[in-house]
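One chain, chain A, links the two complexes that follow: it is found with chain B in the first and with chain C in the second.
Coming up: the complex of A and B.
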């Protein structure tokens, strides 16, 4: 039986492994952390349906457990090629093909110092908000309820100053989703979304954006926030430009949420160099072809699935998992 | 300052042997500060610093006013470097933030576009017959004081504390835009949370105030004050900062830019005269210090020797808080006891508008 190693135990890795197993391959998933599920484990609900993220992660984990896929946790990959994968402890796993599902890295919001993340109280990232929603406690540092909340889109995306020129794709809709969640928790609060463009590319997204405005009275301001600063009463003063009215504005809020983007993994360049793979200018792995071979790498026997090639939604990542099994089958026969 | 990662933005600062370039503005408005810098470096710290009478203006004000073309200012800067080279120095220290921005920008331009450096070398040689080496280290004078802040703390005669309550003095630190907003890595702490002045305040016992308009420009902006019709905009920017910092009751402001120091001081006078508003304690303005004056007070210098009588906002309330001994009668005595003139009473120094203008209601 042909052996395929899947690098990464997030949802892309799990779905790829399940699809490959169904096609009769012997599959090993290697995951560097101590559990399967990846970054989605920290997520609360999924746009646009508000489906709990656990429905996806728990279902996939259960299917993996039932499938006979070998799972190696706490196993970090240091190098690989089409015939073997080398782990940090020196172990060498022989295989016939490799599927790289190592995903993405969240942009570190501290790099955008002007927003004060990690410096001022009540500046959070979208990831922090999901964690707070999971804990069932969204509140200010002093335990109070926010009366005014601002979301800032494109933090670490479409930003040449931090070398992240690409669009992270899912932050716009995440910002709308979280704004609605905040409004549901704090109906008395004013919620503002500061954006460059609103990119509602998926089914149901535009409808959710409309609902956010019409039903929840969430304010959308087309303009970037230039800086956040603390006020004497513990709030945050934001400066921005409303580009639709062509005027600068200054606003004090209780909570600022930074919608952090997805950037490429630092490992990508090293993997690419070792295995003869190509990275896109964004740093994400470049597929052999954007249309007909978008899960192939250009090196026979090495394939991609999920956000390792670009920012993607959960649905797109899961589709990649099915598509990569088809491609591997075509390669190994 | 809440940001603890300032050390990620560091730059190499030479330990000794500096070539000193003065500031056009400071020589006129804060002449004592430049002298204090030389005294602190040479007498207190025992460093070699060369105050070269042959250097010129960098022409930065003309450059930012679109009067001096880029090629001209590059040649002027090249001449400054030639003077440094001929004097046998490698570490260029400039007293002016505008100049610091100019030197940084031009060195970066030469790095990115080497042909411009070649052309500048040619222009300089043709016009003056001089050649130059680029500085091994370029620093602003506030960088140098920051570099030796712990040495100064060890030599300190006073600290930035209220001598009555022993509480740290509350300090607003204001950084000139051209220090690190052009090239964030050229400044200690970067552009958003610069540490160059905050580090001095921390080292000498004070406490920095972070207020909403901390990063806002003082309003100096060359076009704002050079064009008379724009000066209202300049005042408005300073006023925005002063309104924002006033609720924190700062004991003084310290700035590292000649223009910021001048305008945050003098526009307080203007605002007070215009509508009677003052921002400090007891109806007075907030004293505005240069970092050399702050260092000088810490080292025990006489405030009048530091040139603090040149301020628009009187510094005596601050001196009293710090417990500085000074002779009020000597305030307006210059060299050899010569009377240098005394300014009229001003609202910003606690004088009533009615008194000044003899307004009869």
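Coming up: the complex of A and C.
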């Protein structure tokens, strides 16, 4: 039986493995952490339906357990070609094809020093908010309830200053989702989203945005915050331009949430160099073709699924998993 | 002795200061017409507006400023509207724009 190795046990890796197994391949998932699920393990509820992320990860994990797919945890892939995958401890796994599902890297908000992440209290990232929601406790550093909250879109995306020109696609939707969640927890608070463009690309997203405006009275201000500074009473003062009125604007808030972007996986360049693959200018893996072979690499026997090739939503990532099984079948026959 | 005009003056800051603006009126306006918060700033209203084509009047900008607590001059600006309703035919978010004009005039007559 032909053997396919799937690198990465996030949702892309799990769905790819399940679809490949269904087509009769012998499949091994190699995951560097100690559990399957990838980034989704850190998210609380998924936009736009507010479905608990565990519903997706637990279901996929159960299907993997029932499927007979071999899972190798705590196993980091350091290099590969179409016939071998090499692990950090030197072990080589033989195979007939490889599907790279190593996902993305989160932007480190400390790099945008002007927003004070890691410097001032009560500056959080969207990832921190998901963690707090998971713990069931969102609060200020002093344990208090925020009365005014600002979200800032495009942190680490669409920004030459940090070498990230691309749009991370999911952060606008995440920002609107989290703004609603904050209003549900703190109905008395005023919530402001500072955005550059609002990108609501999927079904139900625009509707959620409208609900955030009309039902939750969330204020959307078009303009990028230029800096955050602490006030004498321990709050944060923000400056931006309200570009729709053409006037500078200042506001102090109790909590600032930075919507961090998805950047390309740190390993991509190394993998590309070793295996003869192409990276896009954004650093994400470049598929062989944008339309007809968007899960194939330029190298026979090496395939992609999920956020390793671009920022994607959960639904898109899962579709990649099914598509890659079709492509691998075409290659291995 | 007549005051000497040195030619200097102090500009009022142009910054919208959310902390010091009184947002009570704008909250009231949004509570009465929550749909106004749905504006996506597309400008179709202003593009179609005859008053806006002939004067400085900009319906989108005036109601955006009102939502930020900037009321000064809003009443006078809204008086330029002829209530023709063209903007309402265009607004992609279905905002009752003429209703907004009337509401702002009713709430902000004193500013």
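Please note the rule applied: the second predicted complex is superposed on the first by the 333 of 333 C-alpha atoms of A that agree within 3 Å, B and C clash if a C-alpha of one lies under 4 Å from a C-alpha of the other, contacts with A are read in each partner's own complex, and residues count from 1 in each chain.
Keep in mind that, in the parts below, a residue touches a chain if its C-beta (ideal position, glycine included) is under 8 Å from a C-beta of that chain, and two chains touch if they have at least 3 such contacts.
What you are looking at is a predicted structure, and each value in this text was computed from that prediction instead of being measured.
Taking chain A as the reference chain, the count of touched residues is higher for C when chain B and chain C are set side by side. After overlaying the two complexes on the shared chain, residue contacts for A:3 are found with neither chain B nor chain C.
Contacts of A:227 after superposition: chain B is touched, whereas chain C is not reached.
Within the superposed three-chain model, A:147 lies out of touch with both chain B and chain C [touch as defined at top].
By the touch criterion defined above, A:213 lies against chain C but remains apart from chain B after alignment on the C-alpha atoms of chain A.
In the superposed model, A:113 makes contact with chain B only, not with chain C. In the superposition on chain A, no residue of chain A contacts both chain B and chain C.
Note for the complex: chain A touches chain C at residues 198, 210, 213-215, 217-219, 222, 242, 244-252. Residues 14-19, 30, 34-35, 37-38, 40-41, 60-61, 64-65, 67-68, 70, 93 of chain C are the ones touching chain A in the complex. If you check the complex, the residues on chain A that touch chain B are 110, 113-114, 119-120, 227, 229-232, 237. Across the interface of their complex, chain A is touched by residues 2-3, 5, 190, 192-193, 210-215, 247-248 of chain B.
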